[in-house]
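Residue numbering begins at 1 within each chain, and the chains themselves are lettered A, B and C in the order written.
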Amino acid sequence: MGKLVVSLSPHAHGTDTVERNMFGVVIALIPALLVSFLYFGLGSVVVCLTSVAACMFFEWAISKYMLSQEPSLTDGSAIVTGLLLGMNLPSNLPLWIIIIGALVAIGVGKMSFGGLGHNPFNPALVGRCFLLVSFPAQMTSWPLIGQLGKYSDAVTGATPLSIMKTAIKTNDPSVLNSVPDALHLLLGNNPTGGAGTIGEVCALALILGLCFMLWRKIITWHIPVAIIATVFVFSGLLHLANPVYANPLTVILSGGLMLGAIFMATDYVTSPMTHKGQIIYGVCIGFLTVVIRNWGSYPEGMSFAILIMNGFTPLINYYVKPKRFGEVPAKK
Amino acid sequence: MKLHTFRIGGVHPDDHKLTAEIPTKKAELPKKAIFPLSQHIGAPAKPVVKRGDKVKVGTLIAEAGGFVSAPIFSSVSGTVEKIDNVIDATGYLKPAIIVNVDGDEWEESIDRSDKLETVESHPELTPEEIISRVKNAGVTGMGGAGFPTFIKLTPPPTTKAECVIINGVECEPYITADYRLMLEHTDEIIQGLYLLMKAVKVEKGYIGIEDNKPKAIEIFEQKTAGDPRIEIVPLKKKYPQGGEKQLVDAVINRQVPAPPAIPVNVGAIVQNVGTAFAVYQAVMKNKPLFERYTTVTGLQVKNPGNFLVRMGTTFGQLIDYCGGLPEGDNKVLAGGPMMGKSVASLDVPVCKGTNSITVLTGADAHRKKVQNCIRCGKCVSACPMGLEPYLLATLSAAQEWERLESEDVTSCISCGSCQFTCPAHRPLLDNITFGKGHVMGIIKARIAKAKAEAAKAKA
Amino acid sequence: MNFILSAVLVLGAIGLIAAVVLYACSKKFAVYEDPRIGQVQEVLPGANCGGCGFAGCADMAGALVKACDGGSLEGLLCPVGGQAVMDQVADLLGMAAANSEPLVAVVRCYGTCELRPRVAEYDGLMTCSAVNATGRGETGCGYGCLGCGDCVSACNFDAIKMNPETGLPEVDEDKCTSCGACVKACPRHIIELRKKGPKNRRVYVRCVNKDKGAVARKNCKVACIGCGKCEKVCKFDAITIENNLSYIDPNKCRLCTKCVDECPTGAIVKVNFPVRKPKPAPAAEEAKPATATATAQTTAKEEPKTVNSNDKEEAKA
């Protein structure tokens, strides 16, 4: 006969695990990944694989040799970071830059704070923004889609977002005519060939991922819906006021907005705990994104907006409390 | 029809109601019965028998030891062997009366017939009479906590009861004792509800039953169809619906404010079905509380079942009857897997509040490996009291008592939903319980100090 | 040249204005504090352990000054600094210090893994308070050490450590300042502050089990079974038995060690006595916790009072 085990209640545990959530995110990224392989071919495969491998290696090496912890590769968080970092890069990026990005993402963004659960900023975005400010030339040359066999020698072109930016700078609404229509943005098969980062080309694939994550209850709807709705409303108002600002539908479907709203802003560690807080967080991200896109110096503001709001997350957690049971006065 | 449920949080543990369709059997008489003196919340009972005394089934063996207390009756006939310290379900040695069983002789005053006595046929029962009979029969809450029932029936004068809610939810996994009782003693429970309504002078009674027990809902709806005073409320299955406050919210859509408020502050008096049955027996049959419905269950237990158990029977005897402990490591729980207490010995007796003996085996008996908090916020969504378990657990570990109090740790009902849902398997409730205990101590000390100072100022 | 001059002038002006503002503020918002409080605080060890019963050394200093104005320092003791610090404080305040004897924390449980069999397995948060909430914990003894080290984390002086072999905490007598943090942290109240005793020699009951003899013995081989033999053999009325548990009053005990030899279970121990010939089993075992202090014993030939002042200096350093 075995031993009697004693412990405090509860003695039952749900089936939810960290691994289930992390690998759930990976599965949700698969449609977007497949679409990117279809559009960018070899380049996207190389970039994503390198990024994932580098992130996993750095996670393992740092936790083993610098923190002398048991390496926590099995929880899947390094894979998620690697994939998200890869999907935030152009498909012609040289390998050494990707590896530096992975080192910053894992080393600075995550492990320096104590590993999974302790990082204040989304590690993949820390990596991406580091690369964006350190290697602006390489990070803003976007290969056109359809060059399946090419990697660093791919021909580059303008993304929809840079066209929108040009329209604002030149104050000429006719520039916007070369922005692809909403359907093309949704599917990602841009007729002019202009694209963007690996993960952001096809909004439909990302929305599929969102549906999967909502179905598996990995995330709730609050953050993505708050971000997308805010961007839609805010840019819609701007568009009505002055047609030099793009149509809100093309705004929410272009650039990294979907990728950011669905996969980056919803990162557990760096987003608020309560639904109320998540909505505030989402609205602020949406607002900042439109501000940076339209009046900042970069054409894309999603990653900066998320990082800024990551910084405010502890504050939101402190002030925004869930509604306590019994706080509502009883109905009389 | 839209099913009601409580508004905040909640989780959905696997049901595992293995014994739902197994009719209740009478458990064998024990050879030796153990009656701990504190089976209820409040002061321990005071023994009124001594070594060598003969007792019968239903003999008073210990009287109430204070206002918040309840008397204890022998469930067996035999001789008092000794009054000694034994291990009870809390794991500590507590004083108890031990009786050597000899035959099965009942007190004559107990009506053992099955005849149904209705409230209408006994107009002589005044509310005061009902309450005093309930008090003298030692009836306590049968759902687990064990609060003396008569106190709940005499609410503070500042509050006004408007309805009685019978708790037939049984939201804990595995347990089916209440379900069997509802099917097998429907009429008695309904009469018990009438008695309770009469005792607190209200004209409205609800019976809340979760929708995973359709048979119970059906039979109660049939039997109460002719009476508009009683309403059967089918509830959507969600844990912890059986919690008093959650049930009040689900049934009459009112939320009990933060402690020290109790359900009667919003007009509700909540009683378990087992308590309603015990009230019926105490008032109509003059039968004190000494036996109860208990489920013995577990995925690996050979013959799980529902039993009518004489209190004082040890866990070991019941488990042996069901085929003994399974191979491997076991966790034996007094209660269900969400809020039950694990026992370190099988010599623990069944008490007034033991609604189930649940045996978890092998991997189920152990906790899973603790990982870092990934701050997913699932505990916040799951908490039925609208608290932030991740924060409370961290603050408890850091011993930040003041902040803990301001984060309403005292509202925690220890339902375990947070720990159940945590993907990183963190011991959230372990920490919170510790912190809550400490904060409660601080608050009590503060109140005592304020009282002492007020007394001083008066003098 | 002009450049440097303007920089110097600007910075100088800012500095001057800031100095004036700061000076004005320090005068305007100054709060009067008895200067003696600061002086007393300097003398106190500054560990802010709370062992004296106050929130910290500053609070204690305030209380001492107040007590001085009240006329007596009685009842106030810094357990960390001990008598030496109290003497200094008394000098400073022009008072006579109340006499007190140096104390040390002793762990009153010796239920090691072999001596106290495990009957169940605990699974959960590894703190004593959590284990205590589950009932008796892993062993049959409902009173003894739980071994999760709440006392170790409570100690500010690194003076108490878990021995991985025995699963019990051990006190380093040189480092222990008798602040009482471990006493408060222990949910089972095993740790007691006892008089250090002459030459650090002490005799005490290393058990807190209040179960009846047979039960206690079944659950732990070195439990006090409340047999009363020690009470009978003691000539100084120092031993009392209550609730099946023997207790030796340190104020009455004359360290004759007769009870140690008499105890049938080896629950009574003597520490820091010179080891004589190889003796029966309990005596050999009890030498273990004494090893840490063996060196102190050989060097410290003076009176305990001075030993204690050395301790204090170490703690300060």
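What we mean here is this: a contact is a pair of C-beta atoms (placed from the backbone, for glycine too) under 8 Å apart; a residue touches a chain by one contact, two chains touch by 3 or more.
None of the values given here were measured: they were computed from a predicted structure.
> Of the chains present, which has its C-alpha mean closest to the combined C-alpha mean?
The most central chain here turns out to be B.
> Looking at CA centres, what chain is most distant from chain C?
Looking at centroid distances, A is the chain farthest away.
> Specify the chain pair with the maximum number of C-beta contact pairs.
A-B
> Just how far, in Å, is the C-alpha centre of chain C from the one of chain A?
Here the centre of chain C sits 54 Å away from the centre of chain A.
> How many angstrom between the C-alpha centroids of chain C and chain B?
Measuring from centre to centre gives 43 Å for this pair.
> Rounded to a whole Å, what is the gap between the Cα centroids of chain A and chain B?
Those two chain centres are 48 Å apart.
> Which residues does chain A have that touch at least 2 chains other than itself?
3-8
> Considering chain B alone, which of its residues make contact with at least two other chains?
Chain B, residues with two or more chain partners: 91, 329, 341-345, 365-367, 427, 430, 433.
> Could you list the positions in chain C whose residues touch two or more of the other chains?
In chain C, 119-121, 123-125, 130, 133-135, 137 touch at least two other chains.
> Under the stated contact criterion, what part of chain C meets chain A in this complex?
118-125, 130, 133-135, 137-138
> Which of the residues in chain A end up touching chain B in this complex?
1-14, 16-18, 20-21, 72, 75, 77, 115-118, 220, 268-275, 278, 317, 321-328, 330-331
> Would you tell me which residues of chain B are touching chain C in their complex?
The touching residues are 85, 87, 90-93, 329, 341-345, 365-367, 427, 430-431, 433-434, 437.
> Once bound in the complex, which stretches of chain B touch chain A?
Counting only chain B, the residues touching chain A are 8, 11, 13-14, 91, 173, 245, 249, 253-258, 261, 266, 325, 327-333, 335, 337-346, 358, 360, 364-368, 371-378, 380-381, 383-388, 390-391, 408, 411, 414-417, 419-425, 427, 429-430, 433.
> Can you name the residues of chain A that touch chain C in the complex?
3-8
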